[in-house]
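Provided herewith is a single structure, encoded as structure tokens, for subsequent inquiry.
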Amino acid sequence: MMEKTKQPKVPLTKAEKKIRAKAIFNRWKAWLYLLPALAILGLFTVWPIINTLRIAFSNGYQGMLEVNGETFTFGIENFKTAIEVSGFGNALGNTMLLTVITVPVSTMLALLIAVALNSIKPLRRLLQTIFFLPYVTNGIAIGMVFMAMFNMIAIGGKAQSLGIINGIITAFGGSPIDWVGPNSSKVANMAVLILYIVWNALPFKILVLLGGLQGVNKQYYDAARVDGASRWRIFWRITVPMLSPMIAYVVITGFIGGFKEYTSIVGIFGEEMGPYMHAHRLDTMVGLIYDSLNGNFEGEAAAASLILFLIIFAVTMINLYVSKKKVHY
Amino acid sequence: MKVVLEHLTKIFPSRNKKDKDAEVVAVNDFDLVIPDGKLIGLLGPSGCGKSTTLFMISGLQAPSSGKIYFGDDEVTKLAPENRGIGLVFQNYALYPHMTVQQNILFPLQNLKGPNRLSKEEMLKRANDVAKLVQIDEFMNRKPSELSGGQQQRVAIARALVKMPRVLLLDEPLSNLDARLRLQTREEIRRIQRDTQITTIFVTHDQEEAMSISDFIVVMKLGVIMQTGRPQWVYDDPANLFVAKFLGTPPINVFKGRVEGEKLYIGEEEVLGVPGADDREVYVGIRPEGFLLKKNGKLSCKVSGIDVMGRDVSVVSTNENSLNPVVRSIISSDEMGNISSDEARFDLKSHKVFLFDSETELRVYFGEQVAAHEKMVAEMKEAGQYYVHEGPLPREADDADRHKTAEAPKGFFAKVKSLFTKKPKKEKPAENADMGSENEAPAEGEVPAENAETPVEKSDTPAENAENHEGEAE
Amino acid sequence: MEAENMEKIEETSPQPETPRGMAEKDINKTARAQLVGKIFVQIGLYLFLTVMAVIVLFPFYWMLISSVKSVAEYNALNPTLWPKQFVWSNYADVFSAEATGIDLGRMFLNTVIVGVVSTILSLIVTVLSAFALARLEFRGKNIVFGAMLATMMIPGELFTVTNYITVVNWLDWGNTFAALIVPFLVSVFYIYLLRQNFLQIPNELYLAAKVDGTSDLKYLWKVMIPLSAPTLISITILKMMGAWNSYIWPKLVVGDSHQLITVGLRELASMFSVGNNPNFPVQMAAVVLVTVPLLIVFICFRKYIMRGVSRSGTKG
């Protein structure tokens, strides 16, 4: 350093200039490469976090009005309205119910399918592909197919098609049920919804669990066989504990996804979030957020999304706590 | 329990089923009688089929042909759980999520019907066996909290707790450091003596096998080369492979020839070999078979001298030696006979083995003939005589056997393989009983690596723990 | 002899093990029982998997056959499992704007435009960032990377409100493709995935390239990208799938002229199922048109999709 300053100032040659410029460039190039990503993340990820907090606590915030120069007072009005809104309890209940039922059911089914797939040889690839198919489909589109399968068609009050599911039920001697129509019960709606969500959730879980199974050292199974363990015991005493990190992973992501359930309901029941004549019967938390947003109540929407985030955060923490005790790593 | 193997053969089909040439004959027409209550070491270089043999005895791998008897029962078709064996895996395969006690209890809890024990009995059994292998103080630890040696003992306890008819150990000492290895092999010997369970163990370490086995079985490329008491096999190797495989430092091999019942190495006549026909031979000389003499018959250039306490190892070179250096072990009294750069040796005739240069089979001469016959008679009586006859399997065949089974290794190879189209890669490894069940060979390697990591990690605690034990004593 | 000894032992101490010295018959029996058990289990496994596979496949089957039924056949009291007559015109009806009032063809095109553009831009941004984070040394690298990863924890719904305001009110991008593309260009997860992949490439290659005077970008193009091709393909496909399946955001920010296919499909569904004249076959034909391209892509790129997904846990 000292030497450098002592050097007499001689005009830099072109080559030297080039080298110096290059050195400066090298010092900053990493940031240059990161610039596009950071700019977009800043605008569409970091800023929303801050802003969502801000508008959630700005009483009665409506974005359009702010443009006109109005300012809003700090407060928790938005949270109050969000919670007091008529559908809140229903939406929260629906969300919870769907999550609490679909996550264990789909995890258990996925585990059984993964274990079964792992213990067969012929046709394994084919079946694996089949079980992955629901993943690569459009949630809305297949929701419409489920709707069609369960739907009864009545034209002018006269019953026409019962739908294929009711067709199967009657073929086995049951009586048809209105699953998704105007006269359907909420229980029936929920049953269809749960079936669809489980159907949709299986592929990812099977994929992860199967990957986990294939990562388990085969020697543990050999050892268990030598030790005379039955298949059932191998499943519970070896497979499940060995897979517990993967199981925890799919359960946690399942809970997070469950609390964000929205498109599956739109797929089957449409934006009305319920069967004909029963709009909003099947509303969820995310559904509420979009309703508020569509009604231009951004403050409320922000508050609702914060509430959702807190719920997800809390549930994830509980999950992590439980899995810390139960999961073998 | 006597264990009898009859014409046992294991052929691994090639990954591409149609390609017959890529088949791997891991074990080839294997005949062996293992007497009741003995400790047998299956010994051979890696890839000789010794582990496959062990897994066939355990029932984890089905033989392609041949039969396995435990006592008078044929068990070839029985599943491992119905054979009454205990198996200790190379990496122990302790269930990582269970405590030591749960690991040991596991086989007992699997018993059903009339064999089912009460809870108290199970605990008592587990405690007894834990005491036997001296791990009773760690019962509530997880395997990851134990040193390698302790894990190994837990694995033995788990194998012993159900009182197996046969105990099988796959490379039981390979994951331990040198000092622990010595200690543990004595332990295994002791446990085997205490329990009197017929025990078969696999190792590539000849010293290990020699030191604790009642009998050893030397294998090469799926074929038994020789069986017998370790000392006999060492003193009377049937072919060049066995001679080279046993002994540390290894045997010195020279090119030589027999002419008129005299043995020549180069132009030097080194030993009288009465009864041997004229022919080209390989001359195997055990390091302890040299006598340093002022006017010894075999001359070598001295390149170094290692003093190892009582004995001295003279490292020298000879142009007819097939080893890079000639190692001889002599007693320090003879050291006076060495001049600065030349050592002259006489040879002890019972430490010199001749092998036909074509067949690599042993050529007996002089007193060796009678000694050999005596040993053979003795071993036949013990039911332990077997010597491979006929041409030896060659390494070149081995290279062929494995050619197609090679998997791409290393990141670049893997990447490259992603770009090169593989014909019909769809259903490759499904049939491969060897290794893991994963489709891609490259993936299949992963679990094995994973399995080894914890053991490597635990090496240091192992030392620590052993140090502590040492202090306590 | 031996058998007798064994029996004695069994009398004195209860032997939990398999019977010792058992007769040949017993062994054959056990062996047979083993085999039968094994076959039984295999049959059970295949049965279970087949039933599950049928359940999984049934909606696809129903979608396909319904799409070619006539309205009358579809509406008949007893549903048929195979169409009596194939009405291909259902597919034509999907695209006829008069019949639906929704220009589905236009929306297909929109979706392709948005998918391709956003995938290309996203790949560029991802590759550059991953390269900086994997190969370059600079102050604050760990903080930046850690902060990026931290944002992955927050559910996307939290961003929607503000992003809506940003895009529509501030940037005035309402009803533009930019509104559909820009906010989702950066996926921290893809950057992470690619960075991990880059890290596997030995640093010596980079240093050697530097010694040879190769520029960063050339090195990226010639070495890193080819070596990370599988990951890049995974990202590409998942990104395209994301555009194809996105529903909520496009519905919020753009109108019919820029709308994407899924929204159009849903609107179509509402149109054909409500009221006195439901037309499910046309609806199903539209569903087939939206679903089948994805299935084809999946069958072609099965390996890459499953690889990407198993590491992500997020759709699109």
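Here the chain labels run A, B and C in written order, and each chain numbers its own residues starting at 1.
Heads up, the rule we're going with is that contacts are C-beta pairs under 8 Å (C-beta built on N, C-alpha and C of every residue); 3 or more make two chains touch, one makes a residue touch a chain.
Just so you know, these numbers come straight off a predicted model, no measurement behind them.
S.K.: In graph terms, nodes being chains and edges touches, is this line, ring, star, complete or other?
M.R.: Drawn as a graph, the chains make a fully connected set, so complete.
S.K.: What is the identifier of the chain with the smallest separation between its Cα mean and the overall Cα mean?
M.R.: Looking at where each chain's C-alpha mean falls, the closest to the middle is C.
S.K.: Which chain lies the greatest distance away from chain B when centres are computed from Cα atoms alone?
M.R.: Farthest from chain B by mean C-alpha position: A.
S.K.: Counting in whole Å, what is the centre-to-centre distance of chain B and chain C, each centre being its mean C-alpha position?
M.R.: 50
S.K.: As a quick test, compute the distance in whole Å between the mean CA positions of chain A and chain C.
M.R.: Computed value for the inter-centroid distance: 13 Å.
S.K.: Distance-wise, how many Å sit between the C-alpha centres of chain A and chain B, to the nearest whole number?
M.R.: 55
S.K.: Counting only residues that touch at least 2 other chains, which ones in chain A make the list?
M.R.: Expected reply: no residues.
S.K.: Mark out which residues of chain B touch at least two other chains, giving numbers and ranges.
M.R.: 79, 111, 162
S.K.: List the residues on chain B that touch chain C in their complex, please.
M.R.: Listed in rising order, the residues of chain B that touch chain C are 1-2, 71-75, 77-79, 82-84, 108, 111, 115-117, 162-165, 411, 415, 418-419.
S.K.: What residues on chain A touch chain C, complex-wise?
M.R.: Contacts found on chain A: 27, 29-31, 33-34, 36-38, 40-41, 43-49, 51-52, 55, 63-64, 67, 109, 112-113, 116-117, 119-120, 123, 127, 129-142, 144-149, 151, 153, 155-156, 159-164, 167, 199, 202, 204, 207-208, 211, 231, 249, 253, 256, 260, 262-263, 266-267, 270-271, 276, 286, 289-290, 293-294, 298, 301-302, 305-306, 308-309, 312.
S.K.: Okay, in this complex, where on chain C does chain B touch?
M.R.: 2-3, 6, 14-18, 20-22, 24, 27, 30-31, 34, 200-202, 227, 229-230
S.K.: Using the touch definition up top, name the residues of chain B that touch chain A in the complex.
M.R.: 58-60, 79-81, 85-87, 89, 91, 93, 95-98, 106-107, 109-112, 158-159, 162, 426-427, 430, 436-438, 443, 446-448, 450-451
S.K.: Show me the residue ranges of chain C that touch chain A in the complex, using the header's touch definition.
M.R.: 41-42, 45-46, 48-49, 52-53, 55-60, 62-63, 66, 74-79, 124-126, 128-129, 131-133, 136-138, 141, 144, 148, 151, 154-155, 157-166, 169, 182-186, 188, 191, 216, 241, 244-245, 247-248, 252, 262, 265-266, 269-270, 273-274, 276-278, 280, 283-284, 287, 290-291, 294-295, 297-299, 302, 305-306, 309-310, 313, 315
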